[in-house]
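When the chains are written out, they are named A, B, C and D in that same order, and each has its own residue count from 1.
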Amino acid sequence: MGLDYENDGALHAKLIEDVLSQYPDKAAKRRKKHLSVATSKDEAGGEDKGLSECDVKSNIKSIPGVMTIRGCAYAGSKGVVWGPVKDMVHISHGPVGCGQYSWSQRRNYYVGTTGIDTFVTMQFTSDFQEKDIVFGGDKKLEKIIDEIEDLFPLSGGISVQSECPIGLIGDDIEAVSRKKAKEHEKTIVPVRCEGFRGVSQSLGHHIANDAIRDWVFDKDDVAFESGPYDVNVVGDYNIGGDAWASRILLEEIGLRVVGNWSGDATLAEIERAPKAKLNLIHCYRSMNYICRHMEEKYGIAWMEYNFFGPSQIEASLRNIAKHFGPEIEEKTEKVIAKYRPLVDAVIAKYQPRLEGRTVMLYVGGLRPRHVITAYEDLAMVIVGTGYEFAHNDDYQRTGHYVKNGTLIYDDVTGYELEKFIEGIRPDLVGSGIKEKYPVQKMGIPFRQMHSWDYSGPYHGYDGFAIFARDMDLAINNPVWGLYRAPWKKMKDAPLRAVAAE
Amino acid sequence: MGLDYENDGALHAKLIEDVLSQYPDKAAKRRKKHLSVATSKDEAGGEDKGLSECDVKSNIKSIPGVMTIRGCAYAGSKGVVWGPVKDMVHISHGPVGCGQYSWSQRRNYYVGTTGIDTFVTMQFTSDFQEKDIVFGGDKKLEKIIDEIEDLFPLSGGISVQSECPIGLIGDDIEAVSRKKAKEHEKTIVPVRCEGFRGVSQSLGHHIANDAIRDWVFDKDDVAFESGPYDVNVVGDYNIGGDAWASRILLEEIGLRVVGNWSGDATLAEIERAPKAKLNLIHCYRSMNYICRHMEEKYGIAWMEYNFFGPSQIEASLRNIAKHFGPEIEEKTEKVIAKYRPLVDAVIAKYQPRLEGRTVMLYVGGLRPRHVITAYEDLAMVIVGTGYEFAHNDDYQRTGHYVKNGTLIYDDVTGYELEKFIEGIRPDLVGSGIKEKYPVQKMGIPFRQMHSWDYSGPYHGYDGFAIFARDMDLAINNPVWGLYRAPWKKMKDAPLRAVAAE
Amino acid sequence: MVRILRKIKSAAVNPLKSSQPLGAAFAFLGVEGAMPLFHGSQGCTSFALVLFVRHFKEAIPLQTTAMDEVATILGGADHLEEAILNLKTRTKPKLIGVCTTALVETRGEDCASDIANVKLKHAEELAGTEVVLANTPDFGGAIEEGWAKAVAAMIEGITRSGARTRQPKKIAILPGCNLTVADVEHLRDMVESFGLKPVILPDVSGSLDGTVPDRWVTTTYGGTSVEEIRELGTAAQCIVIGEHMRHPAKTLHGLTGVPYAVFQSLTGLKAVDRFVSLLSAVSGAAVPARVRRRRAQLEDALLDGHFHFGGKRIAIAAEPDQLYQLATFFTGMGCEIAAAVTTTDMSKILQKVPADWVQIGDLGDLEVLAAGADLLVTHSHGRQASRRLGIPLMRVGFPIFDRLGSQHKLTILYRGTRDLIFDVANIFQANQHAPTPEALDPFRKREMPDELRSSPLTRH
Amino acid sequence: MVRILRKIKSAAVNPLKSSQPLGAAFAFLGVEGAMPLFHGSQGCTSFALVLFVRHFKEAIPLQTTAMDEVATILGGADHLEEAILNLKTRTKPKLIGVCTTALVETRGEDCASDIANVKLKHAEELAGTEVVLANTPDFGGAIEEGWAKAVAAMIEGITRSGARTRQPKKIAILPGCNLTVADVEHLRDMVESFGLKPVILPDVSGSLDGTVPDRWVTTTYGGTSVEEIRELGTAAQCIVIGEHMRHPAKTLHGLTGVPYAVFQSLTGLKAVDRFVSLLSAVSGAAVPARVRRRRAQLEDALLDGHFHFGGKRIAIAAEPDQLYQLATFFTGMGCEIAAAVTTTDMSKILQKVPADWVQIGDLGDLEVLAAGADLLVTHSHGRQASRRLGIPLMRVGFPIFDRLGSQHKLTILYRGTRDLIFDVANIFQANQHAPTPEALDPFRKREMPDELRSSPLTRH
């Protein structure tokens, strides 16, 4: 599968120009570096060759008064990396706001008894009051840890996720964590992910990775019998069951998934990770740090993969299998063959309804590139894509995915995104909840590509069937037929006098 | 317990006079016979002495254009007697109206898997069309019986409940029933309860009783090992679980309830009834016919009892026990003693909230008399009562219950009832759904005394606690404090200018 | 092309349908000072009354000729006469609406002449009271037919015939029986906002709307007045809502020449746009800001809601026009009609239902056909099928006795469509189930839908 | 006398509370052409924005000063200045509402002077744009406090002070944050029906009401205009809804002398009667027929509904004024408040809550205290407690992200009270359980309530 098409690079360049012309000079200069049009044609199978002009400037701090959709370090640590570790209690340490705001924003599915041995969808905060700010919160943190031990004795451990004030008031959460870990004989992980650190959630990922390295690895003797086909899946947060759909495939080709970071994960899975044979990394952006560390320290190789859509699934499975040799490779071919009729059926059903429909993406993590081929497997066309908080290596990786002329935007503002959408008027926008309602009000179908809009999984073969159905439901819903762009509507509407039947 | 009070007979006589003065002479003369004031003081424990003027004229046909709340023979048979027999399919035979109207109007609770072996809350009709009227419905009935056998093989039998047209078009449902009963080896009971027969649902009861006699008894060899303490509870329809609450008590005093007619009953319970030692009759009106028949034919004694409120429960239990001798009598005293603390607790809690509150009743069956003492056990006062479809023997039985001066009304019209309520303005009216909303709109608390208003049971000790709570909830709900009689409201309302706080 | 499937069984198991006289009585209840009178045994009246009361939670005027055994043999004319006279004397109604039942229709009584005789014999006594007759045997039609017959009977019996001077702002509206009290209120408000003067027949919003009257009344209070019915012929335009009201509109047209427009549904953006356009054209007035605003709110609801509807499978059992109204609403939001069951095959609207087939049948049929659906849509008696199938139930139609406020739900025009979207989307949201790892095997999952297709009622 | 119980734990487990800046931003969103600006790291803004969007399902304008590590060390004044100027240039708002967050408040920044400096320095540039400040550290108060502070800040910063000529028909209304969009719309309609001219501050009905604007706008569209805020002092009367709005009303009174009346709740027949009386007195107009009719409909709903409420045990967790509003509603219908949990002990209204005690706490506390109740009443995060306890949940307050149309639910005045009655009665009806023979043993039954009082969270 795959698709050959080229986007209208000239139009896209013009759109960038238009957008920039509205800014004051200084801001225009700054924003210009974040916007680009892909110019070199993608060569299928090319390994290292990125798009020359795809390296937009990225990971640069946001501009005050120009709201983007980025989060903060706390979001990266608590919201992304640590939050899904299901048998730990994660304390949002500081005032109540951060924890309440972010509660249940991500659909990290899990198996377990919530409130007994599992805590993902619960929310814990130290709810700082003025006195805690003035006199410091360490004593309170100690009490809270004791309370949690008392209320939730079956929790596997605790993490302390620092909010902004912690970094300012001189609290020593590391000392508290060490003391209480000893007292309760439990893992307690202090994380210095105050929101003012870094330029987006991205630094929070890094800090969270480092906390795993410093406060989890090599702490206890891990009783774990490792085998030759043990792999860790790293950076799959099990949104809508993604990790489960992926695990099925990996096990079918003969591997043993001994850890899934961090969707549906236990602390034990993280502790034993260094005993695995290979790290399979899904979300490169949020978890590459710990993989690099494990490679350095324990000699564990790591490999990226992509389980969105059959083309990438097949390529990734084969790539993974190659690492383990002929026996696994053989099984892999059988698995691929087994699912082909399913894939054919899905494509036969949905391609006629989706072919040639254009898509703009704006998401975080790896999705701005990874999902592209899944759309193309359905003969859809990606006209633009961009990341919320990518680094340059993300954009280099993107080059392999995008076609010539594709519009690329980094850390885009609401204004820019709206102008691009208005200029291109794609058939579908895939982005986040913040963009959902403005885009829909423009009369353009939308899917949330962080949370799968309460659907999912989208990984694996099963996920592809769901993905295809969801895109069809979004694009072909009859309400779009009722709808005209509101700024055009007022002229001829309302309601010409049509004779009643 | 019990209560000594006298009602304002003069006021009540005046109300009757006022009401009658509004009628044309002929109608006034007819209606006069249905309205009365009890004049002789009730003597506690008096066995046979009814109230001399309590024998209002009753069981007389209704007047066209003067709607009462009476039903018809079909209502008495299908709605009351046969409908609750849970393992039978009861076909409302004729057009769709009757069955659909009456569907789930009574809350006959049961245990069983609806649609598999139990059918009480389902509704079956032959849904006559014009052609069935013209050409007769016997063929259709045969097909329907076959379909039911096919769809519901675990049904224990079928009854055919005739609607009005059946009696006019000359169908021979008896022949169909005989034929199909033989064919399917199942009990099939034709019931000639066309709505035009009789003056109320009462004749339907009689017809339904006769159908049991003619189409169920003595049909098969009943394999049943009878014992010395076997009793049938007859005429308890298990509204809100009443029969269950009664059975607990009877079993506690050492009896075995081998049949409960017809709440939660199976066909087998009816078939084996002639093997019991005693028939305990709750709803005298609807089931006395079959008890008299069993007395005549099988020599089974029958006895009325009353399980509403502790005074009557105790008296009834002792009366029943006397029939079985010292052993049962001893147990009975233990049971009464066991429950006394519960009774005391209920009365201690609710009497202060209910004492002296006045009640008017208008119900069917036995309740216009039987529930009186339950109210009096809570120190409440019955100022008026009446029956929908009573016969003279009902009113004679009522004499033992009511106090001097109590207003008595038979088959009352909406107009009369409203005038009485307006004149007396009781603290509570207990009647049916048809009366509920007009009475409430008068600003008077109301409870449904047919269906227990989705509550219950009211029988037995447990039922007394629920009864007391329900009356308290109805009378003491704060909304009555907000409410003034609407015809008075408009004068001083709306809404004097009251300064806001 | 939708196929209309005949009844599967001779029996009705858990019938969907209520019978005709009830529909006729319901329509008479929408007239001020009216008293519906069932001509039959008193049981029918008592039962129907209870059902009305349970549905509306109001005092309902309904009377009976109380046919007894003797009358059944000798004929009911005397009972009818006595009932009419007693009613006149005691409650002084402005309208007595006679609805026949199976009993007198089976006897083949000529109630029309009976009534004509009564009127003749007691002309003076009955002055100020109209008596009209709807022939509504229980063994034909259902609520829609009864409702429409009663309206046609009132127009035939009361409306002054002949060409009249048209009042340009006066609009006659004949709503179907599937409109709630809130719908009728809202409809009037909408029409008035164009400066038009609607006369709605029947108007249940006045009579069954949950108010507390300021005095004890034994007939209906509120509703269309007899005088308004008499003067219907001066309307500039008649608007009909629901296919079943075409016949009364034709009757009016035949008598008085008032032109009519039929709206088969007023639910959904397009249908309402058409209606609003007509009002704008008839009145010559621009669409008021308030209406435009509601339209914008509906647009937003369509956007917010469509997401929850897409791909959902809906099983509906309702009278024909309500079936059409709801089925088009659901398919307009991206749903599929998994099952459509209705009461009778007499309505032309069935041909337009956006489904592969429409089954004439009962709730037993619905229960079989709905297996695997995401939502059941029918009246309160669908609650057991809902429980057995594990599929949520949206209550519509008649009767709804186990919820409060069903008459205050809006289902038409921009706002009613919006409310429907919210209601349904919230049912879906309340019944969402997260996947489990076990449910994810793609092959197993795809075999499931068929397995689901069995229920306690499917064994034929 | 109600006892106010202090927090049980140091931790908050499933917090009930949202923090102050969100409340302030919410209030600013009720002003036309406004842009709320969080002064802090961009994460707060992003998170709060997402939560707003999930609740309202609308595009929400919200901006950030994007404090980074350097600004955290050196101070945020430059970021604040840059943000204000960028906003002014790009979106030309009529109002920038600065809400401080924990970050700048912990640093002890003097944002008031910072803003004064910016205004001074860029007076010309900023002409036509008001900038007001609400000091709303996350570590104090909750939504109510933030909302009230923002309103007070707008009055202090914008309203022209000094005694003014009163316009006799003009009424200033300061609604609490517990009113929905539908409530505000309905409130305006009610006040206007007396011939009065309401100015509602904030007015979220214009800005968060689910319409589709006719052009792309980056600030709020709709809402109170800045000009209206400036001229608040000419109102004849100020009406306050909710105890937390007393402070802004006092502020207005202090600046301009406008008298105020506080309605702690507008839910329930008596409270609405008082409100209607006041409107009648102020306007000199009789109560319109439409309002009387709604009152009658409410009376009827009270009758139909009370039966379902009597004796039910209700567990509520909400902000103080909403807790009072709902608790009085429920006890007025015959319920008992089994548990009352609220966010802070700062409100005087807590003394009036009709319960034995009010617990300051979280949803973890609610889950413990609600065991055995018939209904949970709190925001969407109560859904898990509801499932674990097997007690149905009625969603109120903020956030409600898993249902559509929550802003279109009416909760005040005659109609809103009626709707609440229907909603709750229907929840009860949907959750009725028939007794089983086993459940009937009177003694066993009476021992059960205590056994029920255990939950996963009670082990302390």
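The rule is short, and it goes like this: a residue touches a chain if its C-beta (ideal position, glycine included) is under 8 Å from a C-beta of that chain, and two chains touch if they have at least 3 such contacts.
What you see is a predicted model, and the numbers here were worked out from it, not measured in a lab.
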item: Required steps from chain A to chain B (each step between touching chains, minimum); value: 2
item: Pair sharing more residue contacts (C-beta pairs) when A-D is set against A-C; value: A-D
item: Whole-Å gap separating chain B and chain C, where each centre is the average of the chain's CA atoms; value: 33
item: Averaged-CA centre spacing for the pair chain D and chain B, given as whole angstrom; value: 51
item: Residue list for chain B, restricted to those that touch at least two other chains; value: 437, 441, 486
item: Shared-contact residues (touching 2 or more other chains) in chain D; value: 57-58, 212, 299-300, 303-304
item: Touch relationships between chains, expressed as pairs; value: A-C, A-D, B-C, B-D, C-D
item: Complex contact set, residues of chain A against chain C; value: 107, 109, 111, 240-241, 244-245, 247-248, 339, 342, 437, 440-441, 453-454, 456-457, 460-462, 465, 469, 473-474, 476-479, 482-483, 486, 494-501
item: Residues on chain A engaged by chain D in the complex (per definition of touch); value: 22-24, 27, 61-75, 91, 94-105, 113-116, 121-130, 132-133, 140, 143-144, 147-148, 150-151, 153, 163-165, 167-169, 195-201, 414-415, 418, 422, 432-434, 436-438, 441-442, 486-487, 489-490
item: Chain D residues touching chain B - in the complex, by the definition given at the top; value: 239, 261-264, 269-270, 273-278, 280-281, 287, 292, 295, 299-300, 302-304, 306-307, 309-311, 331-334, 432, 434-437, 440-443, 445-446
item: Interfacial residue positions of chain D with respect to chain A in the complex; value: 9-15, 17-22, 37, 40-51, 53-54, 57-59, 62-69, 71-72, 79-80, 82-87, 89-90, 101-103, 105-107, 137-140, 142, 212-216, 218, 362, 381, 384, 388, 456-457, 459-460
item: Residue ranges of chain C touching chain D (in the complex, touch as defined); value: 57, 209-212, 293, 296-297, 299-301, 303-305, 308, 402-405, 408, 418-419, 421-422, 425-426, 429-430
